[in-house]
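Read through the structures below before going on.
Shared chain: chain A. Partners: chain B in the first complex, chain C in the second.
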Partner chain A sequence: METERRILTREAFDSLLQKAVAAGQRAYGPKDLDGRIDFAPIARLDDLSTGHVQTTQSAKFALFPKVEELFSFHREGNAQVLDEATEADTPETLLLGVRPCDAAAIASLAAIFNWDTRDPQFNRRLARTTVVTITCTHADEYCFCTSVGGGPGNSTGSDLLLTPLEGGTYLAEVLTARGQALLALVPESSTPANAVDKESRLACVPSRFTAETVTAKMAVAFDREGLWREQSLRCLGCGACAFVCPTCACFDISDESNGIQGKRLRTWDSCGFSLFTKHTSGHNPREVQSQRWRQRLMHKFVYMPDRLKVLGCVGCGRCSRSCPVDMNILEHVTKVAEVK
Partner chain B sequence: MEELRKRARELLATGEVKVVIGYGEGSAGRIRPLFITDPAGAGVLMFDERCLANLAVYLLKAEVKQLGKAAGTAPIRNHSNGLQPAAESQVSDETVRLIGVADGKAVDLPTLASAEEYVASVSLEPAAEEKEALARIERMTMEERWAYWNEQLSRCLKCYACRAACPMCYCTQCTVECNQPQWIPVPATPLGNLEWHVMRAMHLAGRCVGCGECRRACPIDLPIDLLTKKIGEDVAAGFGLRAGSSRKLEYALSTYRPDDREDFIR
Partner chain C sequence: MMSQPNLYKPYLMRLDRITEEAPGVKTFKLLFQNEEEGRQFSFRAGQFAEYSVFGAGECTFCIASSPTRKGYVECTFRQAGRVTSALSDLEVGDTLGFRGPYGNVFPIEKWAGKSLLFIAGGIALPPMRCLIWNVLDLRSKFRDVTILYGARTVADLVYKHELEEWSQRPDVKLVTTVDPGGETPEWRGEVGFVPSVLEKIAPLSINTVAIVCGPPIMIKFTFPVLSRLGFTPDTIYTTLENRMKCGVGKCGRCNVGKYYVCKDGPVFTFEQLKTLPPEY
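What follows is the complex of A and B.
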C-alpha cells in the first residue's frame, strides 16, 4: 500500500495505546527498569522510555520467546493424547517503540522460521503482532544499521513508523493495513502531514562497510585461523550475544514429563556454547571458541544471505553492548571486510 | 602503569612467560581483556579504576593455556588473585605468574607463595556497599526474600554469562548439562532458573572469591553475586576459611576433621 503520512499528537498517541490495551492487546515497549532500558508491559505513553538509544534485549521475545511450549501430552488409559497450542493461545501483541533495526530483524526471523517448514507457533505470533516503530534520533558507536541495509528511519517490518517532531508531536507513516487499523483507533486525532522533513530529525549513522563486501571477504577469511583466534581469544563462550540478538534464532528442544503427562518446550540456544555442536560420540566439530565465533559471523553474513536471501544482522549493536568482554561485532566485521 | 608495562615486557622478553593477560582500552570507554605475546606490544596494557574484570578466568581457558605459561594481571583488592584456582590445583607456579596491582601500582608476585604473603596484608572482606547489599536482603522476612529472588531470577535468560565469566566455574561438564538424569531443567522458566542459580551458589559455597564478575557479565544485571557472597560470608564466619586467601585452602564442604567441634558430624 502507498505510505500515508499523518501528524499524531502525543495525546492521540497515548490514547491510541490505551485503546489498544483496553481492546485486549498485550502492549510492550522500552521501559526504564532501574536504569536499564528493556521491553516490559506498558499501558500508557508515560511508561515508555525516551532518549535511550537501544533496549538491552531485542523485541524477538514477542515472536520467539525464551521458553515456548510447543505442545503438551498426557495419557488416557492406554492412549497418548496430544494437546497442541492453538490460535487461542496466541495473544494479540502490540510492540510499541521498537527501533527500525528491530523491525527489520523480523524479516530475518521470518526467513528462518519459514525456511523448509512453516513454523506454526512463530507464524501465529507474527500474524497477531503489530509493530509500531519509533525512528532513531540518537545513535551510539555500536550502531551500524546503515552498513547492513537499514537506517535510522527505515520502515522495513513496521506497521506504523513514528518520527518524533518538535513540540512532542509525531510524524506517523502508515505502512500496512494493521498500522491503518491501529491509527483508526483514534479517528480524527491525526492530521495529514504535508511538508514535514523527516530526514533532518534522524540520527547520523555512518556506513562502515557494505554487506556484499563482508559476504565476499568471509570466504577469503574463512581459513585465516589467526584472525579468528585473535578476535575470539577473549570470548568466554557465553550466550549473551545470541540471546540479546534480534535475529539469532537457534533453539533447543526439551521435554518435561513425569511419565503420565508432560510438555515439549523450545528454548533459546547459542552457537557460542561449546556444547552446541558436540556429538553424542564426544566429537565436537567446532572444538575451539575461534571456530564458534567464525560460525557466528559466517551464519549472519554468508549462510543466511546465501540460503535465505536475507542478512542475519541488522546492526543494532546489542551483542557488543552486552558482551562481558567487549567483543565488538562492528570492529570485527570491519576487520573481515578489510581482509586482502 | 609504565611499571606494569615494563614488567610485562621483561617477563615476555626473558621468556619467563609466553603471554601476559591484562587490560586495555576497549570500545566506548570500556575496558577489554588483552593477551600480549610480543614484548613490543606491551605498551597498550593499562590499569585504572575501570579494570574490575577478573582475568583469572582466562588462566583456565583451554585456548589461552595452549599459549604457554601466562602472567595474569591481578587487581588484588578486587579478589582477583590466582590463589583460589591454585588451591583447587587448576594453576601452579609452572603455569602462571601474577602481576599484582594495588592502588594503581604494579606489585611483583613471582610465585603463588609471594601472592599469598601479599594477600595476607590486605582485607578480602566484602566492601562496605557489598555488605550493605547483603544486609538489605537479610533484613527481609523469609516471604519477602522468596518473592525477591523469584522475581529477580525469573528474568534470567540462561545465557550462562555468569558461569562463563566465573574463574571458579571451570567444570568441563556443568551439572546443568547433565541430562541422564536431568538434574536442572533446561528451559529458562522460573523454576528452571531458580534451580540453576541455587545449584550454582551451592557449588561455589566457600569457593567464590567475591569478585562480582558474574553480575558484571550478566546482560540483565541480576544480583546473583549476592548469593555466593552471602554463602562465602557464612563459610568465613563458621569455618574461618576465605576463598582467595591461600593457595592451599581447604574446601569447607568437602573437608572432614575428626576433631570437628560440631557433634552431629562425628
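What follows is the complex of A and C.
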C-alpha cells in the first residue's frame, strides 16, 4: 500500500496505546528496568523508555519465545493423549517502540521458519503481532544497520513507523493494513503530514562495510584457521550473543514432565555452545570454539544469503554490547572483509 | 487464516516387537496407533525420523525397515543417552512418538542395472538395512549385490538372523568381519578392519555403486581404498548422522556449509562431501 503520513500528538499516541490494551492486546515496549532497558508489558506511554539507543534483548521473543510449548501430553488410563495449542491461545500482541533493525529482523526469522515447510507456531504469532517501530534519533558506536541493508529510518517489517518530532509529536508512517487499523483507534487525533523532514531527525549511522564484500570474502576466509582462532580466542562460548540477537533462531526441543503429564518445549539454543553439535558417541563435528565462531559468522553472512536470500544480521550491535569479553562483531566482520 | 499442521506433533505408535540385536542394541517394530495414518504413511529408503518417549524427549534414527514392507516401521538403536535409555526401558504395548519421514533418499531408480556394494560398520548397518531389503525385494533390477559388514566383536554384529539369511542367498555376496581381538573360536568370517578387508576382497568398480556407512574413522579410511579400486566420488554414497532436533531444516543443528543434513541429506555422494567443510 502507499505510505500514508500523519502527525500524531503524544496524547493521541498515549490514547492509542491505552485503547489497544483495553481492546485486549498485550502490549510490550522498551521499559527502564532499574537501569536496564528491555521489553516489558506496558499500559501507557509514560511506561516507555525514551532516549535509549537499544534494548538489551531484541523483540524476537514475541514471535519466537525463549520457551514455547509445541504440545502437551498426558495419560488417560493406558492411553497417551497429545494436546495442542490453538489459534485462540495466541494473544494479539502490540510491539511498541521496536527499532527499525528489530523490525527488519522479522524477515530473517520468517525466512528461517518458513523457507520450506511453514512453522505454525511462528506464523500464528506473526499473524497476531502489530509492529510499531520508533526510528532512531541516536545511535552508538556498535550500530551498523546501514552496512547490512538497513537504516535508522527504515520501514521494513513495521506496520506503523513513528519518528519523534520537535515538541513531543510524532510523524506516523502507515505501512500496512494492521498499522492503519491501529491508527484508526484514534480517528480524530492525527492530522496529515506533508512537509515534515523525517531525514533530519534521524541518527547518522556511517556505513562500515558492504554485505556483498563480506559474503564473498568470508567464503574465501573459511580455511584461514588462524583468523578464526585469533577472533575467537577470547570467546567463552556463553551464547549471550545468540540470545540477544534478533535473527538467531537455532533451537532445542526437549521434554518437561512430572511423569504423568508434561510438555514438549522449543527453547533458544546457540551454535556457540560446545554441546550444540556433539553426538551421543562423543564425536563433535565442531570441536573447538573457533569452528563455532566461524559457523556463527558464516551462517549469518554466507549460508543464509546463499540459501534464504536474506542476511542473518541487521546491524543492531547487541551481540557486541552484551559480550562479556568484548568481542565486537563489527571489528571481526570488517577484518574478514579485508581478507586478501 | 487457515490453521497449519503442527510440524512437531508426532504420530502415536504402539511398540509391537522388541529384538535384542547386540549388547545395548535393540530393534523396535512400531505400528501406527491410528490405522488410517498407517495406511497413508509412506517413505523411501534413506529417510529418517524422530522417535520419542513422552517425558524423555526425541532422538533421530534412520528408518531401518524397507519401504517395500508396508504397515509398520522399524528402528534399531544403541542405548547411549537419555532418550535412548528411556526407549530401551519400554516394553511391548507401550506408546512412542514418531515424526517423519524426513530427508532425501537413496536414488535407487538410478542404480537399476548396476552392481551394488554395501559397506557398513557397527551400528551403521541399520540405516543401510532399509536399503538392502529394498534392493533385495527388487533383486532382478540390479546386478551383483555385495555386503561388507564389520563390527568390533562378534557380539556387536547386529541383525544376526538376517546376516545368516543373506549369507545363504546365492544372489548376495556377504562378507562379515570383526576387529582383531573381537573374534570368537567359532568365528568363520574375516578378522580385520573394514577398509583392509575391503582392499582384500577388492570388488570391481565397473558399473558399480558403493554405499558406505559407519563411524567417521571408518569412513575416513574407506574412501581412499574405494578410490584405489577405481570408484569415482560420484559413485560413492553415504548417509550422514549429524545431531538433529527439528528434522525440518529450522533448528540449525545439522547445518554444515550451505547444507542442512536433514533437508539436503542425510544421503550424500562423496563428490558432494568434498565441497563441504569437514563438520560432520
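Quick notes
What we mean here is this: the second predicted complex is superposed on the first by the 338 of 340 C-alpha atoms of A that agree within 3 Å, B and C clash if a C-alpha of one lies under 4 Å from a C-alpha of the other, contacts with A are read in each partner's own complex, and residues count from 1 in each chain.
By definition in this document, a residue touches a chain if its C-beta (ideal position, glycine included) is under 8 Å from a C-beta of that chain, and two chains touch if they have at least 3 such contacts.
Being a predicted model, the structure only gives us computed values, none of them experimental.
Looking at the shared chain after the overlay, A:281 reaches chain C, while chain B stays out of its contact range. Once chain A of one complex is fitted onto chain A of the other, the partner contacts of A:252 extend to both chain B and chain C. Of the two partner chains placed around the shared chain by superposition, neither chain B nor chain C is touched by A:22. Contacts of A:120 after superposition on the shared chain: chain C is touched, whereas chain B is not.
Of the two partner chains, chain B is the only one that A:244 touches; chain C does not reach it. In the superposition on chain A, contact is made by A:236 with chain B only, not with chain C.
Touch criterion met: A:328 reaches chain B, while chain C stays clear of it. Of the two partner chains, chain B is the only one touched by A:289; chain C is not.
By the document's definition of touching, neither partner reaches A:177: not chain B, not chain C. Taken together, the two structures place residues 252, 254 of chain A in contact with chain B in one case and with chain C in the other. Partner chain C is touched in their complex by these residues of chain A: 70-71, 73, 79-80, 82, 84, 86-87, 112-113, 115-121, 123-124, 127, 222, 249-255, 257, 259, 262, 264, 266, 269, 271, 276-281, 283, 285-286, 291, 295, 299, 302-303, 306-307. Remark: chain C residues 1, 3-10, 12, 52, 54-58, 80-81, 84, 95, 215-216, 241-243, 245-246, 248-253, 255-258, 263, 277-280 touch chain A in the complex. Within the complex formed with chain B, the chain A residues making contact are 36, 38, 56-57, 66-67, 140-142, 229, 232-234, 236-240, 242-244, 252, 254, 256, 265, 267-268, 270, 273, 275, 288-290, 320, 322, 324-326, 328, 331.
Listing the residues of chain B that touch chain A in their complex gives 26-28, 30-35, 53, 57-58, 61-64, 157-161, 163-165, 177, 182, 185-189, 192, 213, 216-217, 219-221.
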